[in-house]
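Have a look at the structure below, then the notes.
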Amino acid sequence: MGPMSAIAPRTHSWAVLAIQVAFVAAILAMWQFSVSLGWIDSLFLAAPLATARALIPTTILAEPHLAATFSAFAVALVTGVLAALVVGLLVNTSRYTYTVFMPLLVLGVIIPKVTLLPLFVLWFGIEKATIVVYGALSAFFPMVVNVSAAGQEVKPAQITLARVMGYSKIQTYRKVIIPAMLPVLTSGLFYACNAALMGVFIVELALARFGIGAFVRNLATTFRTPELYAAIILTSLITVIINMLLWSLARRLGRWRA
Amino acid sequence: MPRISPAVARAAIVLCILAVWEITTHLSSASRILIAPPSEIFWQVVNILATTSNVPKFYPNAWITIQEFIGAFVITAALGVALGFLFASSKLIGDAFEPILLVLYAIPKVILYPLFVLMLGIGMVPKIIFGITVGIFVVIFNTSAAVRQIDPDYVKLAYSLGYGRLMTFFKIILPAAAPTILAGLRLGFGYTVIGVMAAELLVVTDGLGSLIDWASFNYYTPQLYGLIFITLTIGVAGNSLFSVLERRWVR
Amino acid sequence: MAIIEATSIRKSFFDAATGRETVILDNISISATENDFLILLGPSGSGKSTFLNIIAGLTPHNGAPGQVRVHGQPVLGPNPKLIAYMFQDSVLLPWRTVIKNIEFGLEAQPLSKEQRRKRALKYLDMVGLRDFADYYPRQLSGGMAQRVALCRALALETDIILMDEPFGALDEQSRIILGDELVQIWRKIRRTFVFVTHSLTEAVYLGERIAVFTARPGKIKTEIKNDLCRPRAIGSPEFNRMVDTLWAAP
């Protein structure tokens, strides 16, 4: 099991479905009751019904913020991924460069970049620039590690094979190098996307005036709890859909692997 | 060309970067508010650790953050591994919860943080809980993958030799699954650290995050760099610890 | 007329650091005719694979006075229209199915999609793997993978097929079975095979002519014509006599 593993064959699908429905129902019930029975102040925990009613108005309110967030996310992701492709391919020029640079790149992934946020604010201010730069950096490191690793997937024998078959350099890239790299690249894209999204959200939550993060923060600080829950559900839905799309893409491209 | 060992090459690169950083900071007219030279940062770090800098209450705050790291991680590890085993041992439960887990994993936990603060107040608890939510999924996924990949023949062999369930667990399942589980714990630690630090910076109360915020707010740039460096080192140190454990185990 | 003609081939590496020249091949002269089954036999390190690569145009030799000619033309680089190559490891592209792997060689040629498919299927039939056309390489055994590699080489419809210890990684039984199939295919399609091996048995079993290499530096010790009747029986007296001849060659 794992985010990339195949879904096991549903030999007992009815039982599985029953458990899932029961689980979700139990959670919803607990949620509803703890508010209705006053266990938890509804100021802090909105009831499911109140949340459901708030969904549509909140979505409408959220639209400009969603647009701001996703435009920032798109720019951050594209920048980070493109930079990662360039650096990753450079790192792969030789086995030596790979061995030297890879641990440094991995270090970049390990470092909790959120700690650097105040520095970014210092340099770029509380504006779109910080959001995009931080998001791009968050996407860059997981992607570059994957691009570098992907380069190692190409076996020298396959390149020799292409030579023997009379392929030009460009054709070799198209027919051998890129297909070999594709599964690891796609997996990298998956992580980069999530990282960029998380990065953009963090900055917006912390400082921004516009964007979903800011929207959610405002709802929280003004104690508009049902709307807060609705906004969270809305954002989660969009993120989950993006993830599912990427994940199924990654699976389809990696089908030939053992 | 490959005559210099990679480790030496890497050290050389890092030193070059530090040298360029140092020189350009001194030469350029960039405001000292934006950037501090490595030499100054180094002294700041020394001062901070010796409590001779103006950073208020460094050790108490550092201790709070470290407690949060450890607390969040211990619970993440225990709960994550336990759930991982649960999902791997029963195909029914595993299949049932797989989509649920994937959906929960895909939700950007960061967006939930205001909710946590709303419900749990400020202080260590929401930060720890947040760290757990960020780190637990990797641990669960890795643990259940590790257990599922164990060759069932080994388990059958153990039973046929008369091993009880407990012995089989400790002598066969645990050693076989350990490397992947350790890898999951290493990643989980990393994510937990990110979660806790994000929480500290989003709602500033205490801990290293609050010190960083203090330095940032007052434009004490060298201290800011120094504190960030110390925090990053703690995070990387934890990660390295796990890497070493992993390598020792794989042996 | 010789289809492959190599004269006085020399191949060496010059290490600038130590100033030493390592000679891999020393004055190799050999030729192959049409429909020949030439074996390059020798221990590891005797340069036979390097020599094969030189014929294939993958590696250059030291130059004049040595020369390699195929169909009278000097070899300047890989020429998929004249020479097909089989590696010791099948080197199938894992992301392509069996049939697409065979078509991989043909995509550089001016053939239409239908022509490629037709050709690929024709040769798949020849190696008996028609049913596995849509399998992925990871689903194949070692022997099957090498059959696909052979098929890929055959599909290029070149006059010459070079093979570098193609059965080296397989078990004994697969080697014999595939060896049989190879000989049958050779007799059917009438092309020039050049086959590298270190196995005396394989050399005697498969080859029409056997060139024996020595190691360090690689020289051809002797060339022997193998006129045992096919099918050849491993272990028969004539077979063993031929093996002994190879062993004892001056």
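Quick notes on this structure:
First chain written, first letter: the chains are A, B and C, and each begins at residue 1.
Here is the rule we use: contacts are C-beta pairs under 8 Å (C-beta built on N, C-alpha and C of every residue); 3 or more make two chains touch, one makes a residue touch a chain.
The structure displayed is predicted, hence computed values, not measured ones.
Taken as a contact graph, the chains are arranged in an open line, each linked only to its neighbours along the path.
Chain centres defined as mean CA positions place A nearest to the mean of all protein CA atoms.
Ranked by C-beta contact pairs, the top pair of chains is A-B. Centroid analysis (C-alpha atoms only) places B farthest from subunit C. Here the spacing of subunit A and subunit B, counted between their Cα centres, is 18 Å. Between subunit B and subunit C, the centres computed from C-alpha atoms are 54 Å apart.
Averaging C-alpha coordinates per chain places the centre of subunit A 50 Å away from that of subunit C.
Residue numbers of subunit C whose C-beta contacts span two or more other chains: none are found. Chain contact summary for the complex, subunit A toward subunit B: residues 1-3, 5, 7-8, 10, 12, 15-17, 19-20, 23-24, 40, 44-45, 94-96, 99-101, 103-104, 107, 110-119, 121-123, 194, 197-198, 201-202, 205-206, 212-213, 216-217, 219-221, 223, 225, 228-229, 232, 235-236, 239-240, 243-244, 247.
Residue ranges on subunit A touching subunit C, taken from their complex, read 155, 157-158, 160-161, 163-167, 171, 175-176, 179-180, 182, 256-258.
The touching residues of subunit C, counted against subunit A in their complex, run 56, 58, 78-81, 83-85, 87, 89, 91, 93-96, 104-105, 107-108, 136-138, 156. The touching residues of subunit B, when paired with subunit A in their complex, are 1-2, 6, 9-10, 13-14, 33-34, 87-88, 91-100, 102-103, 105-108, 110-115, 117-119, 141-142, 144-145, 148, 190, 193-194, 197-198, 201-202, 212-213, 215-216, 219, 221, 224-225, 228, 231-232, 235-236, 239.
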